[in-house]
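In the two complexes below, chain A is the common chain; its partner is chain B in one and chain C in the other.
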Partner chain A sequence: MGLSQNVVFGLVTGSYIAIAAIGFTLIYGIVNMINFAYGEYLTMGAFIGLLAVTMLPVPLPVAVLLAMAGGGVVSLVLARGFFTPINQTGPVPLLLTSIGLGIALRSAIRLVAGRSARYYDTDTVTYRFDSLPDLTVGSVDLLGGFFVTSEHLIVIGAAVVVFAVLHALLTRTDVGIAMRAMGDDESLARVRGIDTQRIRDSVWVLAGVLAGLAGVLIAIQTNVSSDTGFSHILQILSAAILGGAGSPYGAILGAYVIGLVLALSTAFLPSGLTGLSSAVAFVILVVVLLVKPSGIAGKEVREA
Partner chain B sequence: MTAATGAAATAAATADPGSAGDGATAGDSGPDSIVFGQPGALTGAFDFLQPGVSQAADAAVSHINEAGGPLGAELEVIRRDTAVDPQEARSVTTQLVENDDADAIVGLFSSEINPLWNFLQDLQMPIVTPWPGSTFLDTRGGDKATPGDISDDEWVWRTVVGDTVHTGGSAVYALEQGFETLGIINGNTEGERSYVDGFLSVFEENGGSVAEQVEVELGGSSYQSALSRLFEADFDAFLVSMPQESAITALSDWSDGGYGRQPILSDTLAQQEVIDQVGSDLEGAWVAQPGRSGPSYDTFEGIYSEAGDAAINGWTPPSWDAVQVTALAIERAGDASPEAIQQNLGPVSRGDGTPVATFAEGKEALAAGEEITYQGAATPTTFTQHGNVFGTVSINTAQDGSFTETTQVSAEDVREYVAEGEY
Partner chain C sequence: MSVLDRLPSDHAQQAFLAGAVCLVLGALFALTPLRAQLPSALYVFIEVGILFVVYGLLVLGLDLQYGHTGLVNFGHVVFFAVGAYTTAMLSAQDTFAGIGLGYPWPLALAAGVVVTAVVGAGVGVTSIRLRGDFLAIVTLATAEIFHSVFVNFEDVFGGNVGILGVPQPIAAVAADGDTRMMATLLVLGGVTLVTLAGVTRLTEAPYGRVLRAIRADELVTRSVGKSTLTYKMQSFVYGAALAGLAGGLFALYNGAVAPGFFTIQVTVTIWIGMLLGGAANHRAVLAGLAIIMGLRLLSRFALDVTPVGADVFASLRLIVVGLILVAVIRYRPAGIWGNEQELGVDS
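Let's turn to the complex of A and B:
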């Protein structure tokens, strides 16, 4: 298989990281907090979807919508219950609260659902592209043959839809424009008559919706357990920082960089070092931040 | 003479001077109850194996109590969850010993024992466990063949064959099947590496070779890049050494990718969940597991099946054996102290004593003044000097939607590759 196969894998990984990282970075940019409990929102979304397909039962698309709605509700309720009351106390209490809340949520999920992994019952269809032109550079066939599965297409397709909707939201709607204004300067936005609390609530709901979607997308590829979100939070955080914290467009870019690095490093690291692909991704994160502390596209994209 | 004093007299007559069996008169001053602490995987990555292990321990306890109990006391198992986490295991073991007054421990996994080794030695509590496969224990544990002298002892015994044995069996079977070149995908934890190392030590020494080995982080959302790399190499079969959840992800990716070739799975993967999630592509995959061919397996199975409906897995008969042999050690010692148990585990499992299949038979023989040799369900339970057991290896193959035992690799065949004294 050529380079193209690993690019497909990287795009899939980058897609679900991107969807989650957008929500994470919106909270950072507009509410001005790093929410370490965000991973648990993914877990709850994945479990809501799983309950919907197994207990109601409903088709997967309906379950996805329920997971997104559930994620939005959970996010808003937790924000109103825990973060809004201490919003004025500064970033450190908010950070510590989010860490504590994350631990509590993970424990609660574990208590209810146990630690064992649960699986979505999906039928995978594989699409093969085996007859591509030979395009070899050095020893690497850049095209080669490759395959994608229906689950790959669902993840990539969902990401494309999310990006389009997000762009429309941020550029074409009053709420989106108000979010951008708050992200740039909250005081000025308030002076200009923006209801900042309403916008904050909107951000919490939007972040929860995206977390719910990302949770289901991860779960249909692998499984869902009480540790699903926790095991992905570092990738999400890294994507947000790499792209430029607070920038949704930057988070998308950062997510795909991380996804591709994870896939390509596994493919091309020397034997014996293949288990270090995550470490490679984090080394690249550090290197990028040393060169450009604002992230790859943070400031430039936010100004665009 | 009570049964207990008879046992004590036997022990005094046969154990080394100064050993347990010091004439304790359980009939007069024996304990009312004896507690075995069982750290278990009630949650966590191996929780799917715990129901069978718990049911076997509970069935053994019921059977032992029906036979009058060790030293006439009521035997009880107190089970606590470690989630196979070393720190939790340390806490749980301490709690079982300090708070629950356990007289012995009948649990703990490799990934708990290895990092806690010094702590467990300092505890000076016999740990007779059905779980650990780690090669770390090949030359650690047991009484060093001097049951009367505990100064050289290490306080861990296992009633399940170690990785060296069943990975050796797996490698022997692979070679018999004509697989000369392997691909390997394994997790980056000690247990997963240990499995691969054990396999390769026999496979490569006997002419096999490895075309490609890809190590991966566990808990990943996808292993497709690793598989893509692995299957660029040319090999006959590929070995998967990963815990169940990660293995299901990897094998599902393998199935989606249509890579084909023969899968060989590590010992914990002979689970229905694996077949259910991966699907029919897994047909023909096989797993080498600790055998279920101890001399008293049928006796165990009859009692076990009446105790509940948990499925038997590779660690279920060893759980039965752990409780049985520990109770017999107490009976022989006439004393339930940790030292007495430690000193009598070897004598009730080895030698030319009367073969006994259960505690009931052993209690009767000891009362009659005989020495005994416990014949286990998983293996003969003849403890080596390092507290290990040796037995056949069971080959379970995915057929028609479930794993079925298709053949066994005899203990003699595996023994050719595992030197005496080094296991």
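Let's turn to the complex of A and C:
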């Protein structure tokens, strides 16, 4: 398998991590909390989509919309029930609450759905790009044969659409502009007459919608089990922090860096140690927090 | 003057006395012909009890870090694991996979504590300046990195199998299984009680007041001329060293270490125990841990009398555990026996 195949995998991973990381980082920037239960929103979105495809049954695009709607509702309900009441207590109680909530949600999903992984049955069409010219320099295979499946294209395409819609939302709509204002300075935003609670709720809904979408995309690409979200949360977190916690554009950049590093590390790690590639995202996370905790484009996280 | 009047009245001395009594009793069971005979129904209590006193060392260390100094360490299990692996690798003989050097166990245990303290200093020196929730994330990620290293470097750490053939000093001298369990519980419980006495002394001294001042307001504490960073580092390293001791003792009791013993579940259990009991109060955090581990016992018994499977029960237990954490933070942020004023929380 050539390096270019790893690049394809990296772009795919980066795409779904980016969609999830945007939601995660918006919560951080505006509600000022690290929501560790966010991974579970992905899992729920993936299961809602799966139920829609198998039980109702509806076509995949409709299922994706249902998963996004479900993610938004779940996110808002949980925020109202668990996070909004303790908003004033500071970041650590919020983080601990989200950890407790995450454990409870993950176990509840396992209780209902069981332990085994489920698959979406999407008629796989594999587009092959084997015929591209083989550029080899030295022993490094720059552009070997690689393949792109329809699932890959769906995931990458969905990410591009999300980025465009998000950019329009943040720059063209009142809600989006208010979100950015709150992220910059909440009290100033309130003085200017922005209904901060309403904007917070919008952020929760938006984050949940993105989580639902990311969950379905992960499930289409691989599978879904009760641990799907939890196994991705540290990658999402790493992407958000690498990009600069609170910055949606940074999160996109961070996600693709994480995705590519993860995919390429499997090519460079000696065989037998490829299992370490999952630790690579955490190493990036730790290094970024220690060296440049404000990330590529975020606000300061060290204490004064 | 009766004997009762001469009993110590302050908590540290009481704990030290109780710990010494436990250690002597444990030695009696292990070394003399004295035998323990336990009804088999009690086995599960003793097993969970041994785990409780080992985790008790962890929670005391974590309480020093979070309860007193306000350091949000969410990777405490990594120090537990480092202590356990160091002790196991130095002392193991004929291990199946990984390194086993076969040195005497007291040396290995001491090395375990020292290595853990050094690792604690390394983690602390790099990350202790971070804001609370980010410190939590860094320590959590550090734990995941170590976990991955333990699993992947099979030649060194034995992979998923771990290190086998660790000497079990108490089992080696005890006459039979029942006596061994009793002696183990008493000796490890004694160590935990003596540690309780030590940390109580430390935190009742002016030193502990500085730690709590840092937790309450670091800027103010710095402005009265205390080097808060030094105090935070010390507190972090003490907590790590205690976890290293717990890990070493666990390895020597269990006879083997494996990555499965050192998951994020351990961190979560310790944290919930601490918050439930009341951070910054040593006896309260042990009581909180007892409650949360009692739940584990309860679910084992419930499993025997209900028709549902073990998987369902494990899920239900975790739902309850997660919701306890959520409820404590919302409704009793100072914990059951914590001091609200001292912790500076509203409830």
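Note that the second predicted complex is superposed on the first by the 286 of 304 C-alpha atoms of A that agree within 3 Å, B and C clash if a C-alpha of one lies under 4 Å from a C-alpha of the other, contacts with A are read in each partner's own complex, and residues count from 1 in each chain.
Rule of thumb we're sticking to: a residue touches a chain if its C-beta (ideal position, glycine included) is under 8 Å from a C-beta of that chain, and two chains touch if they have at least 3 such contacts.
These figures come from a predicted structure and were not determined experimentally.
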item	value
Chain B versus chain C as contact partner of A:Pro85, first or second or both or neither	second
Partner chain(s) touched by A:Ala263 [first = chain B, second = chain C, both, neither]	first
Which of chain B and chain C A:Val286 touches, first, second, both or neither	second
Partner chain in contact with A:Tyr119 - chain B first, chain C second, else both or neither	first
First, second, both or neither for A:Thr149, with chain B first and chain C second	first
Superposition-derived comparison: chain B or chain C, residues of chain A touched	C
Touching partner for A:Thr97 - first (chain B), second (chain C), both, neither	second
Which superposed partner A:Ser187 touches (first chain B, second chain C, both, neither)	neither
Touched partner set for A:Leu237, first chain B, second chain C, both or neither	second
Which of chain B and chain C A:Asn6 touches, first, second, both or neither	first
Overlap of the chain B and chain C footprints on chain A, listed as residue numbers	110, 114-115, 272, 275, 278
Complex interface listing, chain A residues touching chain B	1, 5-6, 9-10, 12-13, 16, 110, 114-117, 119, 124, 126, 128, 147, 149, 151, 218, 221-223, 225, 227, 231-232, 262-264, 266-267, 271-272, 274-275, 277-278
Chain C residues touching chain A - in the complex, by the definition given at the top	72, 74, 126-127, 129-134, 136-138, 140-142, 144-145, 148-149, 151-154, 218-219, 268, 271-272, 275, 311-312, 314-319, 321-326, 329-330, 333, 345-346
Residues on chain B engaged by chain A in the complex (per definition of touch)	43-45, 47-48, 83, 188, 212-217, 219-222, 224-226, 228-229, 231-232, 245, 248-249, 252, 255-258, 277
Chain A residues within the chain C interface of the complex	33-34, 82, 85-86, 89-97, 99-108, 110-111, 114-115, 234, 237-238, 241, 272-273, 275-276, 278-279, 282-283, 285-286, 289-290, 293, 301-304
